[in-house]
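Each structure below appears as structure tokens.
Each of the two complexes below includes chain A, the first together with chain B, the second together with chain C.
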Partner chain A sequence: MFRVARLIAAKDLRVEMRSRVVTNQVLPFAAIVMVMFAFALNSDAVVSRVAPGLVWLATLFSLLILVQRSFAIENADGATDALRAAGVDPSGIFLGKAMALAVQLAVLELVLLVSAVVLYSTELRVGGLVLLLVTFVAATVGLALVGTLYGGLAGGVRGRETLLPLLLLPVVAPVLIGATRATESALGTGGATVADGWPWVGLLAVFVALFSVGGTLAFGPLIEE
Partner chain B sequence: MATPDIETPATAAGTRAGTGTVFTRFIGLATIVGMVALGVFGLLLSPADVQQSDSVRILYIHVGTVWVAYVAFAFTALASAAYLWKRTTSLAWDRFAGASAEIGVLFMALTLLAGSLWGRLSWGKFWVWDARVTSTAFMFVTYVGYLAVRGLGGSHHQRARRSAVVALLAVLEIPLVHFSVKLWRGLHQDSSVADRTNVNLHGLMLFSLFISVIAFTLLYVWLMMHRQRVLAMQDAIDNTGLDYALQQRRDEGDL
Partner chain C sequence: MDPVVHLSNAVAVLGQFPVLAGVNLTVNRGEIVLLQGPNGAGKTSLLRLCAGLLPLARGEAVLLGCDLRTQREAVRSRVGLLGHANGLYADLTVAENVRFWGATVGASKPEVQAALQRMGLAQRLSDVAVSRLSAGQKRRTALACLIARRAELWLLDEPHAGLDAAARDELDATLRDAAAAGATIIVASHELERAGALATRVVEVVGGQIRTPNGEVA
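== the complex of A and B ==
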């Protein structure tokens, strides 16, 4: 299962390396969203107070696009059907696609964090770096898992991609809450301390644990047609 | 795929299409009696609340509908698990799950509507970011999504398997959302609903709430039976509709 997952992840990342859709389209989209937030909120003080939330909100919007992209390449030429016909373990496909998605998300989040530092004058602090790193890893893995799970469902049916946001956004609400609070603690936004952040990382960890098991079990029946 | 043998009152009687039976008529009558009783007790006999005055009467709707919504979603989860479990796999379970979710979404919408009207009168605002209120709204959206998944198309068993998995994932998701919203509110302010709804219930008020739950439960059972049979008929049309049309065209050719 893990060997299959590694191969699928490598395949997805190779497709991305060659097509550059994420780097040329999704990253600029995320950056423009960050600029738009500043237009909408129209206050330096407000923007820097809500910067962690905006970073995660922009991540969620971009996640929707990344997931759609991830399954668009599977549906082209019936690649998923070919994988299934070749007897590839669906759990392996699930974990592999989630791994590739996690790598792409991590790059995206890094860009968003840097843009928050540049645009919203967010300041990183040394004491919070470990918390920040752990939060980003946990949230990224969680988003990649549920994104792949519901992407497989919505992407499997052609022309029904509009369903993805409706299914995915309610499910990732705990990640938005947990990751935003933990990031606020790591950055010291609104006077939050680093110690406040760890319970939220716990929430993210529970989310990851539940959906890694649930997703591995559920993905097979969802993509089987 | 084997065509499931669908026994509906209409096919059994072979005469007039319909989903009513003696039992549904009995339940339907009981529902009407219950609703009339709810109206009498809720609007006339029960007193106005000391603090909330007449707005408390909204709760006689609110409590009944939210009860039905929870029961309906729980039944959807149960029926979905029954479908996925190999020994009880049957499209009947899938139709039960679908019918129950439809009714649940309807009653959850009514709950949110009645609740926000009551909130406007009691708290001065339609919405509070209370954990229970917020996660109820998420539950509503989740099952709207579930119904959308049911409408994706494909064969009946594809629909059944897909939606059953989504229904079980919802069981995973909803407690997690509730827990995280609770944690989120916990750090900001105390739950405002719990303290302020702590009214001293008059005996007749409690009885009206009791009638509300009974009447709405009867309504749920009645709707379930009819809706589930309508879904069975729709599946039957999908299975046999084309053959029937072909046969008719052939018969025309023979004339």
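== the complex of A and C ==
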């Protein structure tokens, strides 16, 4: 399973490096969303207060594009069917695609965090760095797992482009809430302390555990249907 | 003889609709069998059943010595299906695609290189992105992937579609070589003259069943 996962992840990342969809389309899209938030809220104080939530909202919007793209490369020339027909371990496919998605999300989030510092005058605190790092890792893995699972579910269905946001956004609400609260604590937004953030990281960890086990078991039957 | 495919009264259903209505077919190692019949006769369904992509509703299906009902994954790993799509990644090069599909079964570098060599892809086209290939070159790349995957049973659905005359000749030569090397090949095609000349046996599929030359259900 892990050999297949490494193989799929390497293939997905190589495809992205060649096509440059993430760098040329998704990153600019995320940056534009951040700028639009700033225009819409039109107040430094408000923007600074809600910056963590905006970072994670922009991440979720970009996640939808990344997941669509991840499965579009499989469906374009019938590779999903070919993987099934070749008897490639579906659990390995799931983990591999989630790993590649996590790497792309991590790059995206780094850019969004830098955007928040530049555009929203967000200040990073040394005391909150560990919490910030753990939050980003847990939320990224969680989003990648659930994105891959629902991408596989919607991948074979007609109207998948519109179905995916409908399915995915309600499910990732706990990640949005948990990651936003933990990030607020790490940054000290609205007087939150670092200690306030760790229970939210616990929620993210539960989410990761749930979807790593559930996704590994469910992905095979999902792509068979 | 060594039967690679043995279907006995095989029935497959899509939704409520029976796409295969009791197929009896035996294919031996090294044979090239042509499935012919009108559109909707069940040729593609028969190939998908043999590939383990269409569940067997009733009857018996033994492929490469494995029961399709209980050992589907074992069958899948030894069967190569080339349908209307090629299953290639457009942004990767020819060599990267073949390497990827070979790696799914743990093929070594020399095996991948041999597959590229056999399809005439090892030199000029090896580092070309699949998106820049012609239809015939894509087909050859997909066949190289089957070779790298060590597929023993090749299931080809309209393999000549979209190819020019030269590419068709190349494809036919490749299939003859593969069969001579021990692969068993089942081809579904409307190109009866060309595919018929290639095949060692022609099988008529009508209404989800195999018909004998005198029109009776096999």
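General remarks:
Please note the rule applied: the second predicted complex is superposed on the first by the 222 of 225 C-alpha atoms of A that agree within 3 Å, B and C clash if a C-alpha of one lies under 4 Å from a C-alpha of the other, contacts with A are read in each partner's own complex, and residues count from 1 in each chain.
We take it that a residue touches a chain if its C-beta (ideal position, glycine included) is under 8 Å from a C-beta of that chain, and two chains touch if they have at least 3 such contacts.
As the structure is a prediction and not an experimental result, all values here were calculated from the model.
Partner contacting the larger number of chain A residues, of chain B and chain C: B. Of the two partner chains placed by the overlay, neither chain B nor chain C lies in contact with A:28. In the overlay built on the shared chain, the residue A:181 is in contact with chain B alone; chain C does not reach it.
Of the two partner chains, chain C is the only one touched by A:81; chain B is not. When the shared chain is aligned, chain B comes close enough to touch A:218, but chain C does not.
Using the contact criterion defined above for the overlaid structures, shared-chain residue A:127 touches neither chain B nor chain C, since it reaches no partner.
In the superposition on chain A, contact of A:7 is made with chain C only, not with chain B. Looking at chain A, you'll find no residue that touches chain B in one structure and chain C in the other. Note for the complex: chain A touches chain B at residues 149, 153, 157, 160, 163, 166-167, 170-171, 173-174, 177-178, 181, 196, 199-200, 203, 206-207, 210-211, 214, 218, 221-222, 224-225.
Per the touch definition, chain B reaches chain A in the complex via residues 84, 138, 141-142, 144-145, 148-149, 152-154, 158, 161-162, 165-166, 168-169, 172-173, 176-177, 179-181, 183-184, 187.
Across the complex, chain A meets chain C through its residues 3-4, 7, 11, 14-15, 18-19, 73, 76-79, 81-88. Those residues of chain C whose C-beta lies close enough to touch chain A in the complex are 51-53, 73-77, 79-81, 83-92, 96, 100-101, 103-106, 129, 149.
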